[in-house]
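After this come two complexes, each holding chain A, first together with chain B and then together with chain C.
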Partner chain A sequence: MRNRHRRIQIDSAVRIIFQAVSYLSVIALIAMLGFVFYQGIRPFTAPTADQIQIVPEHIPQLTVNGRMYENRRSFIDIPMDAEGITIEFEHQGEHLVVNAGIDPSGDTWEEIITFPPELHQYITSPEAYMYTIILPGAVAGLEQRIHIQIPEPRQQVSAFLLGSEWRPVYRKLYGILPMIAATLLTTAGAVLLGVPLALLSSVLIAEFLGRRSASLVRSAVDLLAGIPSVVYGFFGLMMLVPLIQRIFGSSSGSSLLAAVAVLSVMILPTVISITVTSLKAVPATYREASLALGATPLQTAWRVVFPAARSGITASVILGTARAVGETMAVMLVAGNSPQFPSSLTDSVRTMTATIALEMGYSSGRHNELLFSIGIILFVIIIALNAIIMKLKTNMQEVS
Partner chain B sequence: MKSHPIRRMKEGMLYTLMYAATGIILSALVLILGYILYNGLGKLSIGFIFSSPQEGGIYPMVVTTAYVVITAMAIALPVGIITALYTTEYSRNSPGTRYIRLAIETLAGIPSILYGLFGLMLFSRVLGFGQSIIAGGLTLSIMILPVIIRTTEESLKAIPRSFREGSLALGTTQWQTVYRVVLPSALPGILTASILSIGRVVGEAAPVLLTVGIARNLPRSIFQSGRTLTIHLYYLTKEAIRPDDFEIAFAAAAVLVLFIIVVNTAARYTAAGYKKTMER
Partner chain C sequence: MKRLLVLICAAAVLGLTAAPVFSGGSPESETYTIEVTGSTSVAPLMEQFADAYREVRPEVTINISGTGSGDGITGANTGVAELGMSSRNLRSAEIGFGLDVLTVAVDAIAVVVHPDNPVSDLTVEQVRGIYTGEITSWAELGGDDSQISVVSREPGSGTRGAFEGAVGFVDELLAGAIEFDGTGGVRAAVAGNSQAIGYISLGSMNPEVKAVSVNGVEAKAERVVDGSYAVARPFLILYREAQIDPETKTFLDWMVSAEGQAIVSQNYVPVQ
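And then the complex of A and B:
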C-alpha cells in the first residue's frame, strides 16, 4: 500500500515537472519578442545620451569647466544646458584654453557646438555627431586629441522606414527603405519563379505519379530542403554569379537576379511538401465524382482537386514567402550587398536579413540597436504571415 | 465532342508543363549536388578532415560543429520530448496546451537570423557567455525545439490507444504507462526527430555567425568561440586569399552535402522502420 502511495506521488510530481518544462517554449517565444523589441525600440525613444561627452587622448592632465581630470580614459560628461565648454591643458609646454559654445536648440548637430574661428584649422569631424581637435605633438602619432561626442537625438520612425540612405558609420544616416525594397523584390521574384514550378510539380506528384516515382521525387525534394543555405549561396556564387556576369556583361554578377534564382529554388521544398499533403487530403469521393461525370484525370486534378485544396496551397505559398523573407546566408553570398535601390535585375542589392548579419559584428551604439529594429520589422512581417496561415487553418477545419 | 482535338492538345501541353517543372526541380538538385561533389570530392580525404587550417584542413571546424550539435541536442532533446509527452499524453486540449502549440508553431516560422539576434542579446550579452559555443548551442536548441516536438508528437499520436489502455487497466500510474509503454514505442520517432534536428543544426549559419563567432582555433571548452563548418565555408568564399581557398571551400561544401545526404537517408530509414512496426 505504501508503495502504491509513493507511485502516485511520483506520478503527480512528474506531471508538474512536465507541465513546467512544456511552458519553456512559450517563455522562449515571449523572451525572444521581448528582447528584440526592447533593444530595437530604444533608438526611437531616447537620444543616445543626455550629455555631451569628451574623451582626451595623450593629455595627462586637463581641466574641463573648472574640474580637473588626471589620466582620464573614459567619457567626461558635460550637461547639454551648460553655458559652454572650457578645456584647459598643457600643450608643448604652453597652457592652452579651448572655448566652445553650446546651443542645445540647434537644428542640426553642426549647430549645437560653436568653436571660435582661430580653432577651426585644428578641428576635424571624422564622423557625424563627433568633433576631434587635433594638436600636433613632438612625435608623429602622439598628437594630442580631444574627441567631443554630441548625443544623437531620438531616431524618427519615418526617417528610419522611409530614408533612402544607409550610412550608419560616418554620416549616422539610418534609412532602410533600400533594404525593405530589396527584401520585397527578392521575395516577390522568388515567389513568381518558384511557386508555379512547385505547384505544377506538386499536382504531378500527388495526382499522376505512381507510388514509387512519387516517393522518389519527394525524397529529392526533401534533400533539397536539407541542403544548408550556405551551400546554396556557395553554389550560387560559384556557378550562377559568373554566368550572370557573362550573359549580361555586368561588372559583377552578384545581383538581384542571382538572389531571386537561388531563393526560388530554396522555397520549392516548402511549397511542394505542403501542397502535396493538402492535395492528398482531398477526399477520394471528389475525384470519383468528377471522373464519373466524364471529366478527364487532368481536368479532375486541376479543376476539382486543386481548388478543393485551396487553403492548404495558399498556406504553402505563404510559408514559402516567409522562408524567402527570412533567408540570410544564401542571399548574402550572391546579392552583392550594396544598400541601394536596384534599377535593373543585375544591380547589387542588400536585404534586411543580410544587413543584420553583415553589420552585427562591428556595429556599436545606436547602429547596433537599429539592427534590432530591423529585426522587429522582420518579426512583424513573419507574424503577419503566420496569422494568415492560422486563419486559413481554422477555415480548413470549418470546411472539413 | 467537337473540341476534342483542341482539348487534347491543351491537355498535352499541361502534362508537358508539369513534367517539365518536375524535371527542372530534379535537375536543379542534381546540378547543385553534382557540381559541389564533382569539385569537392577530389580534395576530400581523412587527412583533410583531421588536419588544422594551417595544413589546409578543417579539424577545428568539425570539432566546433560537433560541440554545437551536442550542446543544442543536450538541451533541446529532453525539453522537446517532455513537451511532446505533455501535449499528447497529459493534457491534449487544455487552454495551456493551446498556448504551447501556438508558441511552437510561431517559433517554427521565425527566421533563423532572428534567433541569432535573440541569442546574442540573451546568452551572449545578458547572461555573459559572450560569443561562445554554449551561447550558440542554447540559441539553436530553441530553434530546433519545434522540429523535435512536432516529430515526436506525430509518433506519439500514431501509437494505438489500446497500448495505453491496456497498461492503465493493469493498475499502473500514468507516468509508468508513459515511461514503460508509450516512450519505448515512440523511440523510432524520437530517433527521426533527433536526426532531422542534427541536420538542421549542422547546416545552420546565420545565428551561429552571431552567437558562436568566427575564431579559427580549436576550441578547448564550450565557453570559447569557434567556427562551425558553415561559417568556415562562408568566410572561405567571401575572403578567399590564396587560390587553394576555393578548393578547400569546395571540399568543405562537399562534407556538408555528404553529411546532409546521410542525415536524410537515415531519417527516411528510421521513419519507414517506425511506420512498419506501427502497422503490425
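And then the complex of A and C:
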C-alpha cells in the first residue's frame, strides 16, 4: 500500500518535470520575443536621451551652468529646457567662457544648439547629433576638447521602413528599404528557381522511381538539408562568385544572382521532403481509378495526384520561402552586402538578416536597437508565412 | 536502491567536473581568469600576448573573444568583460562612458589589391576617389581597363572607422561597394578578384594580396613610426581602473613593458 502511494508521488513529480520541460519552448519564445520587441520598439517611442550631454577631455576643471566639475570623465547632463549652456574653463592660462543657446523646438539637430560666431572655427561635428569643440593644446594629442551630444529624436517608422539610405554610424540615417527589397528579391528569385525544380524531383521520387532509387535520391536530399549553411556560402563564394564575374564581366561576382542561386539550392530539401510526403499521402485508389480510366502514369501524376496533394505542396513552398527569408550566413558570403537597390542581377545586395549579423558586434546605441527592429520586421514576415500554413492546415482538415 | 546509487555517482561526477569551473574566478583561489572581448583586429595580437603571458604567470588564464570594437567598448562599459579591445579611437559618444584607455600598439591599415594588379602606388586622394565612387576604372590609375570592385568593412567596424577617418571620407562610401565582416573576409574577396581593392590590418597581411604604397610610402611598420605612412590607428585596451583585479592590472602593465612590446613589434608598431 505504501509502495503504491510512493509510486503515485513519483508519477506526479515526473509529470511536473515533463510539463515544465514542454513549456520550456513557450517560455523561450516569450523571452526571446519580449527581448527583441523591448529593444526594437524603443527607438520609435523615445528619444535616445532626455538631455544634452557634455563630456570634457584634457580639461581638469570646468564649470557648466554654475556647477564645478573636477576631472570629469563621464557625461554632464543638461536638461533640454535649460536656457543655455555656459562652460567655463582654463585654456593655456586664459579663462575661457563658452556660451551656447538651446532651442529644443529646432527642426533639425543643427538648429537645437547655437554657438556664438567667434567660436565657429573651433567647432567640428564628427557625426550627426554631435559637436566637438577643439582647442589647440601645448603638445599634439593634448588638445582640449568638449564633446556635446544632442539626443536623437524618436525614429519615424516611415523613415525607417521607407528610407533608402543606411548610414548608421556617422550620418545616423536608418532606412532599411534597400534591405527589405533585397530580402524580397532574393527570396522571390530562390522560390521561382528552386520550387519548380523541387516539385519536379518530388513527383519523380514519389511517383516514378523504384523503391531503391527513390530512397537513394531521398537520402541525398536529406543530406543536402544537413549541410551547414556556411558550407553553402563558402562553396558559392569560391565557385559561383568567380563564375558569375567571368560570365557577366562585372567588377565582382558577389551579387543578387549568386544569392538567388545558392538560396534556390538551399530550399530544395525543405520543399522536396514535404511535397514527397504529401504526394505519398494521396490514397492509392485515386491513382488506380485514374489509370483504370486510361490515363497515362504521367497524366495521373500531374492531373490527379498533384492536385490532391495541393495544400501540402503549398505548405512546403511556404516553408521553403521562410527558409529563404531567414537564411543568413550563406547569403552574407555571396551577396556582397551593399545596402543599395539593385539595378541588375549582378548588383550586390544586403538582406535584412545579413545586416543584423554583420553589424551586431559593432553597433552601439540607437544603431544597435534598430538592428532589433529589423528582427521585428523579419518576425512579422515569418508570422505571416506561418499564418498562411495554419490556414491551409485547417482547410485541409475541413476537406478530409 | 541501485538506481539511487547510480544517481549519487552521477551527481558526484558532475560536482567534481563542475567544481574547477566555479572556483576559476573566485578571488581566494590560486588561479584567475581575465575576460577580454572586442575588436577582431586586436584579437590576433591579444592571442600572442596570452600565449607569452602563460609563461610569465601560468595561473592566469586569458579568455579572448573577437566580436568587434563596438562590443569591446560596450563590454568594458557594462562590465561584461574586464578588458575591452578596440581598433579605433573612442567616438565622442563613447568618451562619456569614462573608461580608462591603454594604447598597446599602433597598426597600419594596408590598402590591398590582387597580386596580378599592375597598380602599386596610389595617393590618398585617389583612394578617397575610389571609395566614394569618383574613380571607377583601373585605367584612370594606370592599370588595366577594368572596373574597380570596391571592398569595404561593415559599418561600425574599427578598421573601417579608422580608414575612413585617415583617408578623409566619412559615411560617403559608394553605394555599390561590397561589405564583408572581418579582416579575413576582405582579404579573401581581394585575393579572389583581380579587379578588387580592399583594406586590412597590416598585421594580417599575407602573400595572397598585394599592399599598395600610399602617397609613395610603403605600408610598413617603420614608415608608421616615422609618421610618413598616413593610414594608421591605435589598438586600445579599455577598462575601469577602480574595478579591475590586481592580477589584471599586472597584465596591463606587462603588455606595455619591454617584454610585451617586443611581441607587438613582430607585426605591429610598439608604443614605447
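Note that in this section the second predicted complex is superposed on the first by the 400 of 400 C-alpha atoms of A that agree within 3 Å, B and C clash if a C-alpha of one lies under 4 Å from a C-alpha of the other, contacts with A are read in each partner's own complex, and residues count from 1 in each chain.
Keep this in mind: contacts are C-beta pairs under 8 Å (C-beta built on N, C-alpha and C of every residue); 3 or more make two chains touch, one makes a residue touch a chain.
In this text the structure is predicted, and so the values were computed from the model without any measurement.
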>> For A:19, using the defined touch cut-off, is the partner it touches chain B, chain C, both, or neither? Pick first, second, both or neither.
In response: first
> So, A:237: does it touch chain B (first), chain C (second), both, or neither?
Replying inline: both
>> A:153 in the overlay: touching chain B, chain C, both, or neither? Say first, second, both or neither.
In response: neither
> Where does A:364 make contact in the superposed view: on chain B (first), on chain C (second), on both, or on neither?
Replying inline: second
>> Quick one: is A:338 in contact with chain B, with chain C, with both, or with neither? Answer first, second, both or neither.
In response: second
> Among the partners chain B and chain C, which is in contact with a greater number of residues of chain A?
Replying inline: B
>> Output check: A:302 vs chain B and chain C. Expected answer is one of first, second, both, neither. What do you get?
In response: first
>> Contacts for A:347 in the overlay, against chain B (first) and chain C (second): which applies, first, second, both or neither?
In response: second
> Touching A:217, do we find chain B (first), chain C (second), both, or neither?
Replying inline: first
> Which chain A residues come up in both lists, the one for chain B and the one for chain C?
Replying inline: 237-238, 357, 360-361
>> Under the definition above, what is the set of chain C residues touching chain A in their complex?
In response: 67-71, 73-74, 91-98, 146-149, 151, 154-158, 161, 170-171, 175-181, 188-189, 192-193, 195-196
> Mind pulling up the chain A residues that touch chain C in the complex?
Replying inline: 53, 55, 57, 73-75, 126-127, 130, 132, 147, 149, 166-171, 237-238, 241-242, 245, 250-254, 332, 336-340, 347-348, 350, 357-365, 367-368
>> Using the touch definition from the top, list the residues of chain A that touch chain B in their complex.
In response: 7-8, 10-11, 14-15, 17-19, 21-26, 28-29, 31-32, 35-36, 39, 196-198, 200-201, 203-205, 208, 217, 219-224, 226-235, 237-239, 265, 268, 272, 296, 298, 302, 319, 322, 325-329, 333, 353, 356-357, 360-361, 371-372, 375, 378-379, 382-383, 385-386, 389-390
> Any idea which chain B residues touch chain A in the complex?
Replying inline: 7, 11, 14-15, 17-22, 24-26, 28-29, 31-33, 35-36, 39, 78-79, 82-83, 85-87, 90-91, 96-97, 99-100, 103-107, 109-118, 120-122, 126, 142, 145-146, 149, 173-176, 199, 202-206, 209-210, 230-231, 233-234, 237-238, 246, 249-250, 253, 256-257, 260-261, 263-264, 268
